[in-house]
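This report refers to the structure that appears directly beneath it.
Per-chain numbering from 1; labels A, B, C, D, E and F assigned in written order.
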Amino acid sequence: MSNREQRYEDGMKVLAAVDGEGGQRVVENLADVSPELGHQVVAWAFGDMYSRAELPPRDRQLVTLGMLTALGGCEIELDVHINAALNVGLTPVEISEALLHSAVYCGMPRAVNATLVAKKVFGERGLLPVAS
Amino acid sequence: MSNREQRYEDGMKVLAAVDGEGGQRVVENLADVSPELGHQVVAWAFGDMYSRAELPPRDRQLVTLGMLTALGGCEIELDVHINAALNVGLTPVEISEALLHSAVYCGMPRAVNATLVAKKVFGERGLLPVAS
Amino acid sequence: MSNREQRYEDGMKVLAAVDGEGGQRVVENLADVSPELGHQVVAWAFGDMYSRAELPPRDRQLVTLGMLTALGGCEIELDVHINAALNVGLTPVEISEALLHSAVYCGMPRAVNATLVAKKVFGERGLLPVAS
Amino acid sequence: MSNREQRYEDGMKVLAAVDGEGGQRVVENLADVSPELGHQVVAWAFGDMYSRAELPPRDRQLVTLGMLTALGGCEIELDVHINAALNVGLTPVEISEALLHSAVYCGMPRAVNATLVAKKVFGERGLLPVAS
Amino acid sequence: MSNREQRYEDGMKVLAAVDGEGGQRVVENLADVSPELGHQVVAWAFGDMYSRAELPPRDRQLVTLGMLTALGGCEIELDVHINAALNVGLTPVEISEALLHSAVYCGMPRAVNATLVAKKVFGERGLLPVAS
Amino acid sequence: MSNREQRYEDGMKVLAAVDGEGGQRVVENLADVSPELGHQVVAWAFGDMYSRAELPPRDRQLVTLGMLTALGGCEIELDVHINAALNVGLTPVEISEALLHSAVYCGMPRAVNATLVAKKVFGERGLLPVAS
């Protein structure tokens, strides 16, 4: 197996563990338009970067929730990564609180938009209402 | 009544006066996922901040239209705040002009996107065509 | 014909050549809410700016793809400008590669979002799958 | 005088009235690298757009303060436009309040950064402390 | 003591514990231009929001590092919050890794810019080189 | 030589050819705070991505100029990449025109900020004034 294939295979294991089906759907969706972008998401973003031991997945998802909320216009990715956040051990209360916290730094519109994605994901997974 | 409840009640009056039903729908929409975010929108954003006498609502809405247009990806909030702009006395001509003005500072895509939200809101309120 | 009308007419020719029907639909869509914004898109953006000889259309579209990807929340404009990119001679492979390149500077979410718009446009024009 | 020169001359009058020396310095600064960008700032942004009667300068500056604060990284332009805001009749209290208001929609970092530019401008014009 | 004063006092304790002198300098810096913004940073951002038990300070700083990196143009705030991250228990290795992780979602320029602020802060606190 | 080292070495050749000393300085600057980020800039951004044959360097730099201008707050990276643009064959006139073009999509402030970086770079390389 080439190094390129090995990095892809390693990344696929991380992607499956973290994002479940959501991440794989994104990669499949890219197959006919930009297979190389799909490859880089798997081999580089998950194989090379996400898998590094210096920060555990729960911590990475906290950083990622902050970034996607701040960027704006990333509702598709927030959907994947709020699912991922649940998958790696963040609770709905912690996720809602992280997005509440984002209001201080990104303002109310970004915080509300991200929280409405969380509502959708929590609803799909039977996690509503979030205990407060 | 606790101070926290008082600030919420004060904010609700401002929110209702400015945003009408649109703002209240946002708060209700947050109730099962992040009641605290709904509380902060009402008690802090409207009760503490919006209600301050240093700037009248019409001026606040001009600043807000500029911010939401520049941020991008805030179509939901632009819908609420273009309605609010009308509610506090800005005319459709003034709102369209503010969004035209935004083209100079944010570029054409942001200006067009915001103007298409204005078109939707004006249409719902029977305010099309905007006299030019 | 007034200078204002002349600039509009000049811009319309450029807009039609570059964006085809997509750009004209945007302008028509603005007619009842902000005819002046429609005028400025045509007369200024295309008549005064795009038509300048210092950079050919293919180069302009590369810069534009980079900007719209980086801004985020510009899916409508990316649709128009990926069509435009094809119209002025960029191939699907080059467009996909430009959006892959954007991952380095804007991150994966912006690159994925833009590439999914390219997928939609390429699909509508029978250009899928993109050879890799 | 050509139409192009006329629009430039018209714009220069508006620019001088609104921005004073600050705007002219920006244009002069562009002269050896992009005289056309300087021309467009004057002829288009000020001659064609800013001068339109549909919104008075004070209203335009409120929208502009909101946009520049939301965009971030526009300290140079905020300096020019906080001066402009004072020139067209906004008081230091109103400007500070508009930037305070921006904290709700853009978050604390953008509001603080813009307010520190206001502090610099107010200091240069002997307007500190701002009465509260 | 009024509720307003109480919230400020509560916030000051959190601010001092988390940000040390850096946060207080920001508030003092605002005193003559926007004392109310300084009040809101302390009473609302730290007193009401940061102090909530649903997420510990270490987690909040991970979200905050992600947001400030993604926003861009927040070097002043990153300086304060990388110091804060160290104060609440994140190690230099974890902070560098969080900013490395940001390259995947925000692109290389934002990740590099934030990492150069971390370099400055780590240097001031005698924490260079970061063990890798 | 390991695959990791090989990708780094390949990237270094591309980085040196494209960015000259500017890119290498960025990598060296990261050495004591985040050697892995420096590695990824070289091995991934330049070794894996930039070197791909699907788009020549001149085209990549046009996309990159668009992205860095749109992102804002990337003056350091614009400095490196305007130098790179010159290194791979874009002329000062073409670069100025690309940044002028950005005014249409990103607004005047982003276009002016990027153009002032171009002025600095052109000045350092004895390329002012730009013929117009």
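One rule holds in what follows: contacts are C-beta pairs under 8 Å (C-beta built on N, C-alpha and C of every residue); 3 or more make two chains touch, one makes a residue touch a chain.
Keep in mind the model is a prediction, meaning the values are calculated, not measured.
Shared contact partners of chain C and chain D comprise A, B, E, F. Note on chain B versus chain C: their Cα superposition corresponds to a rotation of 120 degrees, in steps of 5. Equivalent interface to A-F within the set B-C, C-D or B-D: C-D (over half of contact pairs identical by residue number). Per-chain CA centroids place chain D at a distance of 30 Å from chain F. If each chain is reduced to the centroid of its CA atoms, chain B and chain F end up 39 Å from each other. Shared interface positions of chain D, defined as residues touching 2 or more other chains, are 36, 40, 44-45, 49, 52, 67-68, 71-73, 77, 96, 100, 103-110. Viewed as a contact network, the protein chains are fully connected, with every chain touching every other.
The touching residues of chain C, counted against chain D in their complex, run 3, 36, 40, 44, 48-49, 52.
Of all residues in chain D, only 103-110 touch chain A in the complex they form.
Chain D contributes residues 26, 29-37, 40-41, 45, 67-68, 71-74, 76-77 to its touches with chain F in the complex.
The residues of chain B lying in touch with chain C in their complex are 72-73, 96, 99-100, 103, 107-113, 115-116, 118-119, 122, 128-130, 132.
Of all residues in chain E, those touching chain A in their complex are 44-45, 49-50, 52, 54-55, 59-60, 62-71, 77, 93-94, 96-98, 100-106.
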